[in-house]
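Reviewing the structure listed below.
The first chain written gets the first letter, and so on, giving A, B, C and D; residue counts start at 1 in each chain.
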């Protein structure tokens, strides 16, 4: 089978391909703002995600942990870390969650890091381009939640 | 109050600061591999995460959704998306999870994108540098799970 | 406002009402088996769930914790406990999960207890009859997953 | 191997055993309230949980689903259902979560039922007595959160 994204096996660093499929956005629109930020380097690998992927590969290899890192297990571990993140907020009011003390924020940042690390690891195992998938998902969400219908409403798209 | 990481307000793009606190790694070690990948651009913003942050800001602003995006709510939403990701794997064997059909993988990639988008949004709201937090967490995990003690074992660090 | 289930405010102990709405099942069928077990006491309160509800009420009242126990917060806490339960299994093979050592099983039982306690507490706050809701859901699932279509398959009902 | 709780294989219906280990509570205390509710039937099986267990057994057997119901998979499925429950609350204020419209409450009750059903199924597979585990956990929590230290505070026991 021809590889997905032939010529772009970097998994977390190739946003250019997906960009080709999207018609040029109106200036000032959401997609326009986004592309303005992406354009300078849309064809370059994303250094942070790429570095994390390599670091996680090395980390697992050194410990012989690939045997545990099936996508199923990684998805479970990611979900567990997301809940550990949520645990910090479960009894807080929304206002209190907007004003975390420095120490709490540091621990929250650690849980967020854990989520990102498992996400990068899962993307590596499934050969998913995370950044490209996120860009495509924002475009998808923009269609699911048209501005005029969803403004100021938290309803699910199925109920708009 | 003096901003955290003065001079580095990019929130998702400043890995340089945290790097200063870590002693130089041995060449060939995990941290060495990681830094080799980071070094070229450790002081530059990460284009993909930065673009996603801006896109999410625009997306929420257009829909007047900032009112819903308290850190508490975003943490809950992230956790829900992580579970939707897990749902795809819950009845699969580990082997089946390693060999997803193309269609299933595409849907899994969408759920992964949702997790990343909420993570980026939460990082923005809390002014957390995601990439730097992840780099710091890998270093922290390397200390919690020394190679010689954790090789081939899935035990938690508290039980090594 | 007239209470839901007038005459049945026990919240976790009134299965009789929902039973009236369900046509009598064929003997030997799933619903038949279920009703055979329920029939002796379908009109009586369920002592265990009732006792847990009362214990949780007392526990929260003594600590002035009602202020934290909004349904939103309880749903988050329940989700966090469910993830703590999952954490015990995340790196195990399915076979290993079927053969937990006694100590691991004891810790798993504690996490299961936490899930049940928050579930009972949430049911109390929302005035939901847990046992009746579960009976109704099994009947609903039996219609969503007809035996002949779902035998030996883990596919979601939307894909049968 | 001698069965755990010899003479009490009902898995979800034997609260008597654990009760023997707990010293008699002061009248009017939490444990006193709890035992007053339990005492009439602490030695009898809990009809609702027992009926649900039997119904789930039949449901799975008819569909040949035991092959999918490893404890690992059931823990994942339970966690996914808990997140679906949380999804209903993620964008609501706490006050709104206390005043759900009837339709929303009905859907919430369905998700709660799903959580309970997987919990009962997992308890069956692991031979855990859910009601007894919950009673023991409340007693444990009462020790972890002494009234005088935890009154009006949502802090974790590790920070009291």
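Methods note: a contact is a pair of C-beta atoms (placed from the backbone, for glycine too) under 8 Å apart; a residue touches a chain by one contact, two chains touch by 3 or more.
Quick caveat, the model's predicted, so the values are computed rather than measured.
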Have a look at B-D versus B-C and report the one with more C-beta pairs in contact.
B-D
To test your reading of the model: what rotation angle superimposes subunit C on subunit D by C-alpha positions, in degrees to the nearest 5?
180
Distance-wise, how many Å sit between the C-alpha centres of subunit C and subunit D, to the nearest whole number?
8
With centres defined as the mean C-alpha position, give me the subunit B-subunit D separation in Å.
33
Find the geometric centre of each of subunit B and subunit C from their Cα atoms only, then give the gap between the two centres in Å, rounded to an integer.
34
By residue number and range, which residues of subunit D touch two or more other chains?
68, 73, 76, 79, 82-83, 86, 89, 91-94, 154
Would you mind writing out the residues of subunit D in touch with subunit C in their complex?
4, 12-13, 15, 30, 33-34, 37-38, 40-42, 44, 46-52, 54-56, 58-59, 62-65, 67-68, 70-73, 75-76, 78-79, 81-83, 85-86, 88-89, 92-98, 100, 105, 108-110, 112-117, 119-120, 122-123, 125-126, 128, 130-131, 133-138, 140-142, 145, 147, 150-152, 154
Which bits of subunit D are touching subunit B when the two form their complex?
68, 73, 76-77, 79-80, 82-84, 86-87, 89-91
Footprint of subunit C on subunit B - complex, ascending:
76, 79, 83, 91-94, 154
